[in-house]
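In the two complexes below, chain A is the common chain; its partner is chain B in one and chain C in the other.
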Partner chain A sequence: MTAHELKKEKRIQEIIQKIDALGLELVKELEAGENPSLEIPIRGSSNIYFDEKNRKIRLGDKVSHRYLFNVSHARKFMQTMLVASYVKKDLLENNLTATLRDLYYAKKHTIEGTKEDTIDEQTESDQAIVDFEVALGTFRERLHLRAEPKGRMAGEMTVVDHVRDKSDRINLAKMGSGGWAVPSIVEQVEFDNVGVEYVLVAEKNAIFDRLNEDGYWMKNKCLLMTTAGQAARGARRLLQRLSDELKLPVYCLTDSDPYGWYIYSTMKYGSMALAHESERLGCEKMHFLGMSTTDIETYDLKSVTIKAKEVDVKRATEMKNYDWFKSKPWQDEIDLFLKKRLKAEIQALSSKNLQYISKTYLPEKIAAQDFLP
Partner chain B sequence: MTAHELKKEKRIQEIIQKIDALGLELVKELEAGENPSLEIPIRGSSNIYFDEKNRKIRLGDKVSHRYLFNVSHARKFMQTMLVASYVKKDLLENNLTATLRDLYYAKKHTIEGTKEDTIDEQTESDQAIVDFEVALGTFRERLHLRAEPKGRMAGEMTVVDHVRDKSDRINLAKMGSGGWAVPSIVEQVEFDNVGVEYVLVAEKNAIFDRLNEDGYWMKNKCLLMTTAGQAARGARRLLQRLSDELKLPVYCLTDSDPYGWYIYSTMKYGSMALAHESERLGCEKMHFLGMSTTDIETYDLKSVTIKAKEVDVKRATEMKNYDWFKSKPWQDEIDLFLKKRLKAEIQALSSKNLQYISKTYLPEKIAAQDFLP
Partner chain C sequence: MEDNTEELENAFKEYSVAEFFKKNRQMLGYSGETRSLTTIVHEYVTNSLDACEDAKILPDIGVEVDALNARPKKTVIGEGDGSATEFDLEEQMCKASLFEVLVNGIKQKRPEEYVVKYGKRGKQNVKQVVFRQPPAEGTKIVGEWAIGHIRVTVEDNGTGLPQSKVGQALGMLLAGTKFHQQKQKRGQQGIGAAYATLFAQITTGKPTDFKTGTGNNKVYSGQVSIDVKKNVPVINGLQEAKGNYRGLKVSAEFAEVSYDRSDHGVYEYLRRTALANPHAQITLVEPDKSIVVFPRASDKIPAKPPKIKPHPLGLTTSDLIDMASVTSARKLSSFLSSDFTRISDDKANELSKLLPEIDFDKHPRKMSWVEAESIVHTFHRVKFNAPDLNTLRPIGAIQLEKSLKNLLEPEFLSVIQRKPKVFRGGIPFLVEVAVAYGGKAGAPSTSKEGEVMRFANRVPLLFDAGNCAITQAVKNVDWNRYNLKNLDEQPVSVFINFVSVHVPYTGAGKLAISAEEEIVSEIRMGLMDAARKVGYYLSGLKKAEDQEKRRKIFFKYIKEVAAALHDVTGKPKAGLEAAMRKIAESKTALKDEDEQEDEELLALEEDAEKEVEEENA
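So, the complex of A and B:
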């Protein structure tokens, strides 16, 4: 076995042991004539807080108990057990990964002798998966469950990616105009020949294409990534690993609007919907490079702005109250937005000239370390 | 200059010459005291037909004339000229590419001495771009205009991709779990070391991940691609080139529902909205591998089907009348769907077992050449 295979096998065995321990505990309770129960951290807003010290949106320590012999718990209990069985026997023991939809199809069936289906809608098995992740204190990818992949990368770095019995060395500096597609699961990915000084993550494919064509990442020794909209889990986890393991600064580039801020804050702090995942997906050292509302004046972009809609104003007002936007620079940014009520897309810079972003905007902003926290 | 650079330069010069010729013609008309006009093929449904011989949805030969000195034409005429100028001077002459949005931002301005903007909404410049493409008898990518990229690839083949002054050799057999991201523009891409016997294009990322993890493309000598939903222009053009230039059979895998058929037919025949592009984007030799409504019985998937909604039935009824679905096998397929009113996702095969698609379904279907035309 290679070092990588050993590490992977160890990761798999750790989870299998956790699942076995949980199962044995339930059997013990059953044999003792007790009502078996699962302890599941509560994921509602009452149990979500902002951890100032670690700069992450997190789950608190409130838990609920789910009992097998309880009419309103039994169905969910059974579904959680179906998830446990699928993860252990179908996925981990065979070293296979699957999507949430695969699990739903595999475990949906009519219970013998009844007209009752184990699972009606996929939302039920999805919920059971999250319950199981949280109960086990692990995350989906470690259970070999894949999310939809999204995003592309290029830069002077080699990624070593292991797909079952094959290991590929991928030179991200030789990916042509396409880039390397960021996979759903990146736990197995290793970094090598790191020749970059920072990571630049752009919300938009178009910006990746622009900067890639301009050779921006070559000239500026950066690792370029696009999330192609709201970042997928694979991209978020990869950013965290690049920041934590390689100590690379990570700069984020979104449109200047509340949706752009939201994309940024999700990558940086995690989200309320997935508060239990912030630990593994948050990249708390990320900086917001732009576009900022101030950029609109600085770079004379007023004529290519878009008027904010009521929904933008409402969203901005909400975000102003979030604990993770309470720093002075962000409060000022949001206030300025609420005053001007103007949005700007990164591509508005194309009104100057096509390469303005590569040749002027980015070098200037980065040299001046003109970031929002 | 390398052979590739010469070829690219030639492609660029050809378009520049076409633009110059069009411009000179307009100047000549102006100098002769005439009302300059552009001849633009009509793109409405009255001018769209199915070319049985070449198996493509096409534009007919009806044209409209757009005059400079005509109150209802002048604005569009001006916008088409803005597009021409941007494409020639900003893009082709600098060997740069841009998005439709970049063009919009670059050419939107208030006309001096008036309160009139050249372009109000991007839809106007987008329309002008299509007009210009059609008038010039070329396509967007040749004008160096990029669409949103989507899709991933893996297989025993090397792609040589030229990004401005750099040429990358990308071994698609060494792309790890991510795959190579299909770029927006693939005109410059060359194929080398082709070790595959067919192309398998799946609508869904999840299927790419499944088949990639199972090493399906290695064992079956296929080039694997996902379009990640409705295929983007880059993916469509690449499929056409793989079919035309390498003479590779192309098999398509979508869900069994009218939306899946639509995704397939767009890749194969083109679409009504982009009928002028079918020539460059249609892959008329593509086969529909599955899922078919018959597969639901053959593979005993009834318990994991989804009831068709009214909108599906309506869509299927419409599609039954399209000229490109008039073959007997497709008429039977649609009739069977309308009778059973059941949809099935490819992932429904996961209800058998996770690798059923790799180990049973695909090998069986391909061995039996069980395709719809």
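So, the complex of A and C:
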């Protein structure tokens, strides 16, 4: 057994022990004639706060008890137990991983003697999975549950990926036009032959393709990545590891609009929905490269802007109040946006010429360290 | 001179009686085929009930309605197309005494499957069959009908009539004993069985059969009709037989009447009469020979109401005319002061001064309708002493409860008897209210669920509901507060009996109680009292239902959870299940405070989840 395998085996045993402890606690309650309950931290804004010191969105310590014998809890309790059983017996004990949808289908059936299904919609089992994660104080990758993978990468670096008893070495400089697909679980991935100085993450596939075609990452010694919209867990975890383990600076490139800011803030601070995982998903050293509202002026893009919609303004007003947007540069950025009410896509730079982004915009911004925090 | 007077009087009577009926047929209840039949049965049955009550006999009343149609005709009304629900009827069919609708040869139930309604075709009124569900495509809709006569036979076990009184009771208009001794009587409502005799005579030309005995071993039978010109009874074929028979049997044949089970029909009339008279046993034989028995609920015969003369404030114009026609007084002034309570000579004098155009010295029978009308009006301008409060005779809460339980077998029953109140500044009345829920409660004869049954002195009021104080009071109650939202759709029977010596009817037809403020408000209070108890009962039910739901939810997931917990801990399933069942059983009991707190937490959580969803959207 390799060191890596040993480490993995140890992790699995840790989780199994946690699940056992939770089960035995329930049995103890049952034997004492008590209403069995699961202690689950409350998720949602009432129990979420911004940890100024560590710059992370975190879950507070408010917990709720989910009882089996409570009209409004019973069904959720049952579903959470189905997740526990599937994770322990089907996944961990067999060293297998599965998707959320796999779990949904594995555990969906009609309850004996009723016309009711254990799970109606996948959102129900997804919810139960998150409940189980927070109840155990762990995250779904450790439970061997996979989300949909999303995101691609290219650059001078080799990753070593362990798939069960096989190890693959992948040179990210030789991935062609498509790049390397970031898997949904990246815990097992190791980095090697790192020949880059920073990470450039773009929210859009189109930008990745543009920069990849221009050979931007080769010329600028960077690791290029796309999140293809809102970043998936795998991509976020990977960014955090690149930043923490390799001490690489990370620059983020999104459209100039509240949705772009939000994608950035999720990668950097974590999200409300996954506040319990900010610790291992947040990449707090990330910088916002652009597009900023100021860029619209600086690069004379006014003619290719889009008028902000009502919903954008509303979103921006809300975000202005988020603790993690309270720094002066961001407040100014949001104020400017609210004043001008203009959005711009990164592709707006193509109005100059196709390679303007790789030859002018990015090098200038990075050289000037013209970022938002 | 004396002879001359009598001649004049006769002439007056001839004119008034014949004309009176023709002109006032509607007011007397003889309008519409269904209603006419109900009125006939009503006249006979109230006489029977009164006769039994007088003699302290438990009434046993048989009513038979027989359609005398040898061969009904069949006429195609239309063809179903899967969507049409209304089909016009030919005029002749509308007048049929027997009418059935068949769809592809299958007899349809009325009113569950169809109703007959008046509709408009252009400017013309037409009668239509209206189906609740459109008949399927291609089905043949046929009307089976017959214009014929209906024979109504009513038999009771009352005192019977002595031979000498038969003619007066059945063959003389306005000869009823009811106007001599005013007391709170059912008969106050009716105009008399003699009108039924007259109606039979007018519509079929046939006399009314009777058979009676008073228990003195003599039984008389024969046929009675009315000499309309002289307003005297004519008895033919009188036979005397020996036999131990006591009671009265009347049987007559009518046209321009029809039988159905609508909520204005004979069936509903008798059902309600039975409800209001728990001491009576009523049996109905319907035209299709089905026998319906409304069994006796109580052996207690109601106490006789005290005899009192009518109070001026409780009179209608037709009451005054009717009383004048039978009074022994010779002058209008003495008629007023002798035949009524609380009209002294002084008061009669006061009245005459207020009505200088009326000659108070004339014979009461010469008083015209218009004059009677102004006298009734003027009564309200004179201050009379209030009538005796001690004259009210309600059914009584205990009796009413027995009766409603007997016929409706309700799941829950609430009966309220309110204290006497007065209206119009002095006329005493009281209200009895019952609300029955579940069981057979609810309207049996209509598509509606809930029913409101109106009574005045135990007599069912089946017509003109819209103008009635009772209907108004029902509308003024917020039934929602008592878990009885949409009363029409609830399995509920609401029973209201208005008790008074003088029921303030809205018209001579005596169909609805005048919606006077004191009355409406008192009925409303009664309804609310009764409904409150039903509301408590229903909210209790809801609790029990909640408990049952909780139980189901708790037990439903036990197997699933036990299997999962077995997977996780390896403990035997059976033991886990048993432990869970034990706890579930104890937790099924009503919510404790803990759970409420949990619910608050859960609400908090749900809010949080919503936020997250919005965030992700």
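By our rule, the second predicted complex is superposed on the first by the 369 of 373 C-alpha atoms of A that agree within 3 Å, B and C clash if a C-alpha of one lies under 4 Å from a C-alpha of the other, contacts with A are read in each partner's own complex, and residues count from 1 in each chain.
Assume contacts are C-beta pairs under 8 Å (C-beta built on N, C-alpha and C of every residue); 3 or more make two chains touch, one makes a residue touch a chain.
Treat the numbers as computed from the prediction; the structure is a model and nothing was measured.
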Going by the contact rule set out at the top, does A:23 touch chain B (first), chain C (second), both, or neither? second
Look at A:298 in the shared chain and tell me whether it touches chain B only, chain C only, both, or neither; answer first, second, both or neither. neither
Report for A:209: first if it touches chain B alone, second if chain C alone, otherwise both or neither. first
Should A:122 be classified as contacting the first partner (chain B), the second (chain C), both, or neither? neither
Contact-wise, after the overlay, does A:181 reach chain B, chain C, both or neither (first, second, both, neither)? first
For A:42 in the superposed arrangement: first (chain B), second (chain C), both or neither? second
Which partner does A:65 reach: the first (chain B), the second (chain C), both, or neither? second
Same chain A residues contacting chain B and chain C, which ones? none
Which of the residues in chain A end up touching chain C in this complex? 19-20, 22-24, 26-27, 30-31, 33-36, 42-47, 64-65, 67-75, 77-78, 81-82, 84-85, 88-89, 111-114, 116, 118, 127, 271-273
What residues of chain B sit close enough to touch chain A in their complex? 90-91, 94, 96-99, 101-102, 105-106, 108-110, 146, 148-149, 152, 159, 161-166, 168-170, 174-185, 188-189, 205-206, 209-210, 212-213, 215, 303-304, 345, 347-351, 353-355
Could you please specify the touching residues of chain C with respect to chain A in the complex? 549-550, 553-554, 556-557, 559-561, 563-565, 567-569, 571, 576, 579-580, 582-584, 586-587, 595, 598-599, 601-602, 604-605, 607-609, 611-612, 615-616
